[in-house]
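Labels run A, B, C, D and E following the written order; every chain starts at residue 1.
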Amino acid sequence: MTVSILIFLPLLAAAALVFLKNEVAKLAALFFAVVELALSAYFLANYIPGSNTQFLVDQSWIPQFGIYFNAGIDGINIIPIMLTTLLVPIIILTTFKHEYTKANIFYALILFMQSGLLVVFTALDGFLFYVGWEAALIPIYFISALWGGENRIKVTLKFFIYTFAGSLFMLIALIYLYTQNPSHTFDLHEFYNFNMTAKQQGFVFLAFFLAFAIKMPVFPFHTWQPDTYTEAPSAGTMMLSGIMLKMGIYGAIRWMIPVVPQGFDQYYPYCITLAVIGIVYASIIAFKQKDGKRLVAYSSIAHVGLIAAAILAWNVTGVQGAMIQMLNHGINVVGLFFIWDIISRKLGTRDLSQLGGIAKNNPWFAVAFLIITLGTVALPLTNGFIGEFLLLDGVYYYNITLAAVAGTTIILGGVYMLRMYKSVMQGPTNDLTLTFTDVTGTERLVLVIICALIIVIGVYPQPILHLSEASVTQLVGEVNAKLNALHAPAAAVPVK
Amino acid sequence: MEKFFNIVQSVPLNHYILLSCILFSIGVIGVLTRRNAIVIFMSVELMLNAVNLLLAVFSVFRNDPSGQVFVFFVMALAAAEVAVGLAIIVMVYRNTSSIDINVLNKLKW
Amino acid sequence: MEVKSSAIDYLPIIIQMLVAVGFAVGTMFATHALGPKRKTADKLTPFESGIEVVGNARTPFSIKYFLVAILFVLFDVEVIFMYPWAVNFREMGFTGLIEMFIFMATLLAGFIYILKKKALDWD
Amino acid sequence: MDLLQIGIKAGLVVIIFAISLVVAMYSTYAERKVAAFLQDRVGPNRAGPWGILQPLADGGKMFMKEEIIPARANAFLFIVGPALAIMTACIGSAVIPWGQEIKTGSLTIDLQVTDINVGILYIFGVVSLGVYGVMIGGWASNNKYSLLGAIRAASQNISYEISMGLSIIALLMFTGTLSLKEIAEQQHGANWNVLYQPFGFLLFMVCSFAETNRSPFDLPECETELVGGYHTEYSSMKLGFYLFAEYINMFISSAVMATLYWGGYNYPGMDWVTAHVGPVIGPLIGTAVLFGKIFAFIFFFMWVRWTIPRFRYDQLMDLGWKSLIPLAIGNIVLTGVWITVYDKFFK
Amino acid sequence: MNTLIVISVLPIVLLYLGLYKAKNALLPVTIVGLLVALGLAVSQWNVDAQPIFSGMMLFDKYAIAFSSISILSTILILALSKEYFERISSHVAEYYAVILFALAGIIVMVSYHNLSMLFIGIEIMSVSLYILAGIKKTDFASNEAALKYFLMGAFSTGFLLFGITLIYGSSGSFDLDVIRDWALTHTAKTVDPMFYTGIMLMIVGLCFKVGAAPFHFWTPDVYEGSPTLITAFMSTTVKTAGFAAFLRLFSTCFASLADLWTPTLMVITVITLCVGNVTALYQQSFKRMLAFSSISHAGYLLFAIVALGINSGNSVFVYATAYTVASIIAFAVLILVQQQSGNDNFESFNGLGKRNPFLAFVLTVAMLSLAGIPLTAGFMGKFFMFGGAVAKMQIWMVIIAVINAIVSIYYYFKVIIAIYFRDAERAELVAPGYVNVVLGLSVVITLVIGVYPNLISNLIP
């Protein structure tokens, strides 16, 4: 059994969904997503932690360009894959209270996107990676633009052009790597194994960084993000923030730094600085937001900035932190957006100043919101804690000052998240919030699942860390070995 | 007198090339500067004939008949072009009563 | 054509042209000098069978003439292609015959087409 | 080619030029006489004995007439038209072989202005240019009759040029050359082309009539509907040029017909004459024979003019396009098949 | 070879069918004839091709591949033509015939082995197109398009011919092999200035024909003024053939002197890309936008010639196929929309997603393909082009191209936005069955090639 089944199942499901009626499509989509989850669980169960790639599929695709349909699961991508298969059914579940027009297309697009995302995460061939990267982009564009809010057309086009621009530069970088490597393939490991001059690597690094930075997004490439998150339908926002931005993080870990270590070596100080600036900047902006969804969007920039900084610091701790934080952030941010989805659906507004006192009459909702908020602010024993801790640790190894600045994310995050919680849930109830009814049915189910995940991972993260540990250690080690060899004559390079 | 004929016969190739280049340039300039469709068309024909001259000259200087055969092709296709081109010009004239290409500005140039 | 004409062979033609031009120009000048010149407005109006001149003579004329001209251009060029063939006909033998028959068949196909299209009917 | 030859050629040019003019002049006289003969009347008889000086009188009158250029005409083109007509008519004779080479001692005199290898094409080229004279003149007059005449002339000339070109192809398949000299030489003795191409000759002759705007194809100047056709506005020698050009064209086309189909300067028993009478006299007799043939054709032209009524314009075009072209192509096909079969089986 | 004969005889048959009033037989006969021609072309595939007709033509795999795509796209376009020409004029048979004559010219253009055939092919095609551009006799825009196309086309022919002549003058032959051999004995430094000038003039002439900037100025007007179906033919089949001819010449003859002409062509490519894209941005008319975008696509196609390599033929083939199929979809939908709303503005497409979801879907796929989004054929085309260019280290050009690709998203998505996100009070748009067949087929081709380009990307050795 290879990962191709994992990739193609959602695709086929999407095709089937087009021909179904709206009501049936909803259930069918959930069914397929759960089947997908089960499949991935099967893979997880059979996965042997280690560095070698498993469940490999390796088919010739475009031989004249040395392109293979080459995908598999290893320690680096298992977490994002699990994240995807886990979150998609949850996201589908969150939409059950919505009545979308042409729901069959909507769910088909979500499943299509899932397929694209899985291609991105499993691909071991540069071309395949790129195709998945773009394939995931098309459906989310249509999801956002068709079912989104007022300004959706302009905003989503901006989003599309931004990300497409980034990815085209990545395409050039990939083609360049293809032409430069001696065996003329797009194979990832081939990319790892050959050497280019520092200048060439620098260019490739910049191209990759542009693509990934836009996707994550890292300051100053983030301008598309808050608008898009705000305008997209909730499910779209969840797909974007929960899974899609992990493409950037994952890409950096797998496709950027190990492929062009020397390029990375030249530019990473600037990149980290950008990431850290982004953290502080986004936190401050988040602080000022009145729209709850927008606030979460900015908080996401801040969190992702920290992940980016940790990756760019490039040490085992940081990368491991990034790994687990990818999962955590996905869960948390989906939870938060779902909370806001519920509020805006029930009350028709997301303005913090108009809300308040919801907690009084709605205990289920209050508890869930609290848990998710705490998870996001990284309270110990929630999932956020372990991730952020490792990330900060990673950055700290690189530079104490930066770590200190980056650490403000926890403080600032705590402040604005709790302020948000307070202004929504506590204080006096007003006419509007009185109408709020407690969560029921699928909403309650989703919130329970998310809260459970937050707590379980927070208490016992070890199995997840264990999944990726060997691979990460090896990857980090290889790159650092290359860099050390490079710096050996100059000596006196701090070992990371 | 004998010398005179020798000179006539041995006009250097470059002079022919120069002549056709000049004719060709006149044609090009005509196309670019004139606004009357017929005159433009005639300028184009001048360009083609400059080419024909040069082809014939090369053909003679290289003792290779294919150049002259090419002239035939050029003439035949120029004739076809004349037929179609004049028909188009007549059509335009019937609709607009003008063959000044400046009148044709419904579509932007 | 084995015989090659050189530029010299055309010299007499140039002489003849010069003579012709000389004759035409000379005669023109002679009549100009010899004839009387008594111009009146009526004499200089175009002849229109004695009645008042109506409009300009430079008016569009029947498209038929134009069509004939276009067809001439096309057919004449096709005919030109036959000259080298006709001159070398004996050397080319049977293949040449067939090839030219194909050429002429195409020509005829076009010819019959324009006939059927009534491009050459004058009414 | 040395200076002497150039001199001889120049002399020949002038002689032929003069002969053309004289023939043309006397053709006008002949035309009237022939017309008179056919209509059973006397014809011009006042100037000189039998009116023989009539052409000179006509010429003199032309010179003395007032030259009128209509006010609305385009003066420059109005003058260029007839000049072009006469010029093109006059240069057509350059490639016609008027006789055999005359050898006297070291000197060889070629009775042809120049023998170029594309003689027939030259003639066609010059003849096609002739229509410009008519067109330019007719258009420049700014007269409706003239314009119609000019258009008719152009349209007629180009229509018949196709069939003319096609009809001659069958001949070329026999001769294998475009040089009139060679064609004439090939018909040595009585081996005349008309024997092989009688039908081609007929086609060619019909086309010649049309090309020279002679009756029954004189639509461009048909006086019943178009007054004077393209030369309605012309007067004095400019009118003379047009009339002259027509007669010279008639002369040239007679010469071409005689050369291409009727053996040119060849006559039966010419070798015997050259051998026994003399190397100068023999060829000169040939030249005389050629002129005899030319005059016969000219007479034929006139005979037709005064016998056959004029075509209607649509009949004219129908004849040209719908009859002559298919017939000419048919002639080519037959000739081609015949030559191929003959070469393959009987040679 | 037989293909060419069939395609030459077919229009004559059609003309006679038209004479004998067999109007209903026209389209079936055309399509059957073209299919026969296509079959004959493909049947030559495994034949080891040698120059035929005294070295005039060479039906090698390159020629067969491009002939096939040209014939195929013509079939697709003609399949849309049912009832289209009847609305314009009564001389229906002539239009089919003239289109097929143009196609015959195209076949010659892609299979020439002698510069005279290049010239003849281009002229047969161009002269037919002049007529086609003006088939709406009373329509002013159509007249103008025909006149402009004619004058510009004849003008460019002059340049092409002068180029051919100079090349003949220096190399002594029109035969591609002889010219190549001649070029091989010279280096960029020692080559005759006449030869160099010849190459430059041929570039000018060919760039005119394929509508590359700065010789593009006729393109938008002609494309806009011509009847839409003819525009579709011009911007797809004709453009493909133009590039096939362009590439054949440069890859066969002038490859060894690449240093001479690459810089010029590079400049042309960059200008073409930028001009096409930037002006397309400002268009309000869909048809005109397609015209300008076709200029920028010409720019992408030029990449293959600038970065001449063993894969250039395949790159052009894939790109041209993708572009052709996508454009046919776009024009087919445009024709339907135009018929309903009476104009070709973007607004006419408003709410198409509701009015006819199938049309909306295929047009979306076409736009994505033109924009070069993965999983469509257009992406594969761009990928092949960029791949070739990067391999030749033309990185800066690729970056410029990428920036242009990003710009192009904007105007292609304008259509998608109009289709799905804007509403219009219009009746449902019903597409006739034959249009749906063509569209369906085109979409399938686009997607299949987008996923598995190997089907067509390895054809040309």
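Here, a contact is a pair of C-beta atoms (placed from the backbone, for glycine too) under 8 Å apart; a residue touches a chain by one contact, two chains touch by 3 or more.
Predicted model only: the values in this text are computed from it and were never measured.
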Number of hops, chain A to chain D, where each hop joins two touching chains = 3
Looking at CA centres, what chain is most distant from chain D?
-> A
Chain whose averaged C-alpha position falls nearest the assembly-wide average | E
Which chain pair shares more contacting C-beta pairs: C-E, or A-E?
-> A-E
Among the chains, which one keeps its Cα centre farthest from the Cα centre of chain B?
-> A
Between chain E and chain B, distance of the C-alpha-averaged centres to the nearest whole Å | 28
How many Å are there between the centre of chain A and the centre of chain C, using C-alpha atoms for each centre?
-> 82
Which integer distance in Å separates the CA centroid of chain A from that of chain B?
-> 66
Per the C-alpha centroid definition, the whole-Å distance linking chain D and chain E comes out as 53
Which parts of chain D, given as residue numbers and ranges, touch two or more other chains?
-> 1, 6
Touching two or more other chains in chain B are residues 5, 80, 87
Given the complex with chain C, which residues does chain B contribute to the contact?
-> 5, 8-9, 72, 75-76, 79-80, 82-83, 86-87, 90, 93
In the complex, go through chain B and note every residue touching chain E.
-> 17, 24, 27-28, 31, 37, 40-41, 44, 47-48, 50-51, 54-55, 58, 62, 64, 66-67, 69-70, 73-74, 77, 80-81, 84-85, 87-89, 91-92, 95-96, 101, 104, 106-109
Per the touch rule, the chain E residues reaching chain B in their complex are 116, 119-120, 123-124, 127, 130-131, 134, 137-138, 140-141, 143-148, 150-151, 154-155, 157-158, 161-162, 164-166, 168-169, 172-174, 194, 217, 220-221, 224-225
Given the complex with chain E, which residues does chain C contribute to the contact?
-> 106, 109, 113, 116-117
Inside the complex, what are the residues of chain C that reach chain B?
-> 6-8, 60, 63, 66, 69-70, 73-74, 76-78, 80-81, 84
